[in-house]
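So, here's a batch of structures to check.
You will see chain A twice below: alongside chain B first, and alongside chain C after that.
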Partner chain A sequence: MFRQKSLPYVFLVPTILILMILAFVPLGYAINLSFRNMTLFRPDSSYVGFENFVNLWSDRRFLNALWVSAKWQVITVTATMLAAVFLGVLMFETLSPRQRNIMCLIFLVPVLLPRVCAAFVWRFAFHPLYGIFTYPYRAITGEPLEILSNPNLALWAVAYVDLWQWGFFFAVIIVKLLEALPHQPIEAARLDHARTWEIHAYITLPMLRAQLVALTLIKAIESLRSFDLIYVMTRGGPGISTETLDMYAFSQGFIEAGRISYASSMAVIMLLLTIIIFTIIWKRVRA
Partner chain B sequence: MAGIICKHINKKYGELEVVEDFSLEVADQEFIVFLGPSGCGKSTILRMLAGLEDITGGDLLIGGQRMNDAEPGDRGIAMVFQNYALYPHMTIRENIAFGLRRQKTPESEIDQRVGAVTKTLGLKPYLGRKPTALSGGQQQRVAIARAMIKTPDVFLFDEPLSNLDAKLRAHMRVEIARLHKELRTTSVYVTHDQMEAMTLADRIVLLNAGRIEQIGTPEEIYSAPRTLFVAGFIGTPAMNFLTLRPRRTETGWQLCGDSFQLAISGSAFDLHEGQQVIMGLRPSRLRPVDAGFSGPSVQGEVSLTEFHGDSVLASFSLDGVDLGSLMPAEERPREGANLTFGFAEEDIHLFDAGSGISLRC
Partner chain C sequence: MNNIINRLAGSVSSVAIATSMVGATGLMLAPGSALAQDGPVCTSPVRILAQPRDGLTLLEEYAAEFEELSGALFQIDYMNEGDRRVRSQADASLIGRYNIYYVDEANLAQFASSNWIVPLMPHYPAEYDFDDFDPGRVATATYDDTVWFAPIMGGGDLLVYRTDLMEAAGLEPPETLDELFEVVAALHDPANGIYGIGLRGQRGSGANVWRWMPYFKGMGGEWFVDGEPAMNSDAGVQATKTYLDLFEYSAPGTRTGSWDESTGAFRAGQIALIIESAPLAGITLDSTQSQVADRVGFAKPPAPLTGGGFAHGFAIGERANQSDAERDCAGLWIAWATSREQELRRLEIGQAGELNRQSIFASDLFAETFGEGLPAALTETAEVTQVNFWQHANWPELGNHWGIILEELITGTRDDIPAALAELEAFAANLSD
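Right after this comes the complex of A and B.
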């Protein structure tokens, strides 16, 4: 009796304990740091209360990073979902099942590429003088095309690479979801005078609502972790035009100033914002 | 309203021909039932009528117009599916009104027509609910309402009652019959249930392996089956079959089994010496008789009796073949009794053993 009851704990407790240590010790350490004034240049530090947090709100670079992060989330999540739904429906309507499978295989390639590799490939493709992406512009006008060094375009260019990796992958998921739907409601809609776009707008996509919401949340979480992509392609530049929160925290903590505590307070704010925003969205969607 | 004409329609999936040379004329207001076992092609034909499957060859005319390549929505048809095929995320009202909305019908007219249809089908209390909150019978009624509201020229039913339990099925069957009496819309109804076919149909089209076995009224199909397959498919309990050899005698014909002979006049059949025939006889027409019985009869020891309520099915073995005899419950014999079972010549069906075609002339 005792053995039966204790067996699950034997397996679960050590695992959960390790995971909790790995997750909560750094978290607690970061929170602790954010209330101190530690830098990488001095060994001693002391508690300063909320000073770091108060200072953040008068730091224009922090506010910019907040704004860039918000833009990054909205652009990448929206673009990925729209492209995926469009491509998924297009494949579903125009290709035979066999052709669809071949396309799905091709569409999976970008996401299989490590993000750092994708970033390097595309940074070179965007190169003003040698890039294949900028080649047509050069050929026609004879001028180099500056994309990654243009503050108005850089964020869009990086977002485009994110879309290239994830849009195709999500299109594969959506076409498979469409294939798994029962055929009869679609056939009934055809008999009900619904045109092709109406079938998807009124029948199939609403039937996939829960799955689409889940995909959106997954993409939102994924977009939060785009540090490597942005780091390789622009390092937050030109200027601070692609500097997201994690980029700025990283450069404050390790690159420019070594202000570990200041960077930690940013990380804590990012964590809180993420938790709050995701909770609100989740509640909204379920209601 | 409109009639349907199918001229030499066939359907191939690659090299596989699932429907070969299907020709049928359905009159205006007629109720036609496609009956056959699973995989006989009946649903495929219905889906070709609906435009959900391409027609490989032949012509389809609905209301006199060639519809081979018309969009499903443009054929003037409405269809009821086996699993209801309701739109799960919409309320009942939205489900029923969906087709009208797509045709840009004015909202006031939609309201009025939804009201009329839901009143006929008793769906008023459920209009605000989602399909999952309804029972199977109610869901199928919504599907019928969704088909009715379009006031189609032709109704297509694809096994609409197969997902319901037996009691509800009988109830809905009556309801569909009543609706057809009221609306008089040309209907094509697919089922594998002979009871539904017999009770609903003006004419039955009996299909097997993509071919028409027989077209006829329920009475014709039951009393004069054209092939062995039809004879075996229709009727519960199933028809008895015996393989026999006909031999000419002075007074007529003798049908010989291994251990018995049956004397008949044979005037209604096209018989030859040396032929092998299969005799079919419904259990209800094979009855225990007294010793003085003058017609054809066989002897058998009752091996099993099954109680059916009003009647009893007694089984006995003859030349290694199990035969059944249906009799009133009060005449139930005891198992092991040795009885004489007799029948009238006009009740037998004779088929050619090779081709399975009826020998009745």
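Right after this comes the complex of A and C.
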């Protein structure tokens, strides 16, 4: 009896302990740093209370980074989910199971490409003189098309690459979810002469509501970690037009200034915002 | 510890004797033979963080030579300039994975004042003749009266131009800024895939700011006057305006482009002229890297531009080399990698970008390899070359901050130059507090 009761703890306790150490030690360190004035160039530091947090609100680049991050989240998550649902339904409705499997295999390729490689490939594709993406514009107008140097286009271009990687992958997941649904409600709707879009709008997608919400949250978390993509493609530029919070924090911590306490305060704010926003979304969805 | 130092000192004195007996040509073998008697200097592979250089690729072919000399191999990890700066800063301050860092004029003060690197000369074997290095590069490698790195490349700026385009248009290389605008406008022909000039717009103290500084300093600008920030001056405004105006003729992609984009476009034959750091000259003459190798000429930058004096080189990391023996090992690698013999090897295959020794510049082989044009231009540009940046540990922070503002101006997300410079001054005032 004792063995049976203790066995779960034998497996769980070490795992949870390791996870807690991995998660909470760096977190505690970051929070501690955020209340200090440590830089990479000065080993000694002291506690400065909330000074770093107060300074952030008068830092135009931080405020800009907040806004860019919000735009980035909305654009990439919305675009990925819309594209994935559209492609998933399209494949489900128009292709045979065998064709769907082939398409799924092809759709998996972009996400298998390491993020940094994808960023380099697309940065070159967007090059105004040599890029394949800009070639049609050059061929038609005779003028180069500067996408990544244009503050109005750069964020959209990077978001497009994110969509290219994740939209296809999520489409594969959605088509597999659709295939796993019971056939009876769909057949019943078809017998009642429901249109295709009605079947999906009123039957299949509502049946997949929980899974779609989970996918949306997964994508939202993934979008928060797009540092490598943005760093390689634009480095936050032109100017600060694609500078997200993580990009700016890294920039302050390691590229420009070595102000790791200041960077940590941004990380802490990002963590708090993420927890609060995700909790609200999760609760509303469950309600 | 003392034993190791004594053994190394013994090696060095043996080398000195051997060198004096066999002459300069025996230099490369002498350290090896001396060390073979006293045991290896290095006990583990030397780890180096660097940015890609043709000379380093060549160096790797001779790894066995270093192993024989020191008792260990080496491993170079390459990163492009921006990433190398970031990574070396993080590694030097927190980790200490690398024994040797590739440092440059822009971050030398920061690395030295933070004690991330150690003085070079106590660990640099005397037989490698440090005094042979070009004095300008040595001056740039010196901070607070101490030499911190041995140069792998350096120099000032050169005007590199397409001779065929210039001749076809009946133009001469520009000698003043007014002439520069005239020539650039005359040669700018986007319909035929030729752009007047190649500039750098990408943010960074060593990127767009580096190329903007010759205008700023040439027009009389100063970073600080009597300890107070002084960038928002007539010179600052005029320099910035001039640089922005020139972008009208710069190749597409250069507004957020780095060295790679601007020099790449020149080497691909899409740019008429470019003012860049001197190592570009050798690269453009190398037909394996340049489509215009047979159509380039060189001159000093138009007046009043100052050539941006710079030097990159190798320094001994403090964190990864806690003992003197480890530092001696790193110092030996640096001396070997920057030796006259390595420079001769580079010169023999036409690599002009990474030559730094006076004896090499004065050699017959140098004149034979590069003709008269390049050496003459290098001599001329040396006269106007000066240190343009603020020589202070906070330079990277100030330079990088201005780099972002300048990129905003270049890409049009802001257009008020005095306001931009005023913002820089306010930032600088906080830094110097």
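Methods note: the second predicted complex is superposed on the first by the 272 of 287 C-alpha atoms of A that agree within 3 Å, B and C clash if a C-alpha of one lies under 4 Å from a C-alpha of the other, contacts with A are read in each partner's own complex, and residues count from 1 in each chain.
Methods note: a contact is a pair of C-beta atoms (placed from the backbone, for glycine too) under 8 Å apart; a residue touches a chain by one contact, two chains touch by 3 or more.
All of these numbers come straight from a predicted model, not from anything done at the bench.
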> So, does A:P128 touch the first partner chain B, the second partner chain C, both, or neither?
Replying inline: second
>> Looking only at chain A, is it chain B or chain C that touches more of its residues?
In response: C
> In the superposed arrangement, does A:E198 touch chain B (first), chain C (second), both or neither?
Replying inline: first
> Does the superposition put A:E256 against chain B (first), chain C (second), both, or neither?
Replying inline: second
> Touch check for A:N150: first (chain B), second (chain C), both, or neither?
Replying inline: second
>> With both complexes superposed on chain A, which partner does A:E187 reach: first (chain B), second (chain C), both or neither?
In response: first
> Mind pulling up the chain A residues that touch chain C in the complex?
Replying inline: 40-42, 61, 127-129, 142-144, 146, 148-151, 234-235, 237-241, 254-258
> Which chain B residues qualify as touching chain A in the complex?
Replying inline: 50-52, 71-73, 77-79, 81, 83-90, 98-99, 102-103, 146, 150
> Of all residues in chain C, which touch chain A in the complex?
Replying inline: 82, 85-86, 89-90, 93-94, 110, 113-114, 190-191, 201-203, 251-253, 255-257, 265, 270, 393, 396-397, 400-401, 404, 407-408, 410-414
>> Looking at the complex, which residues from chain A come into contact with chain B?
In response: 182, 184-185, 187-195, 198, 202-203, 206-207, 209
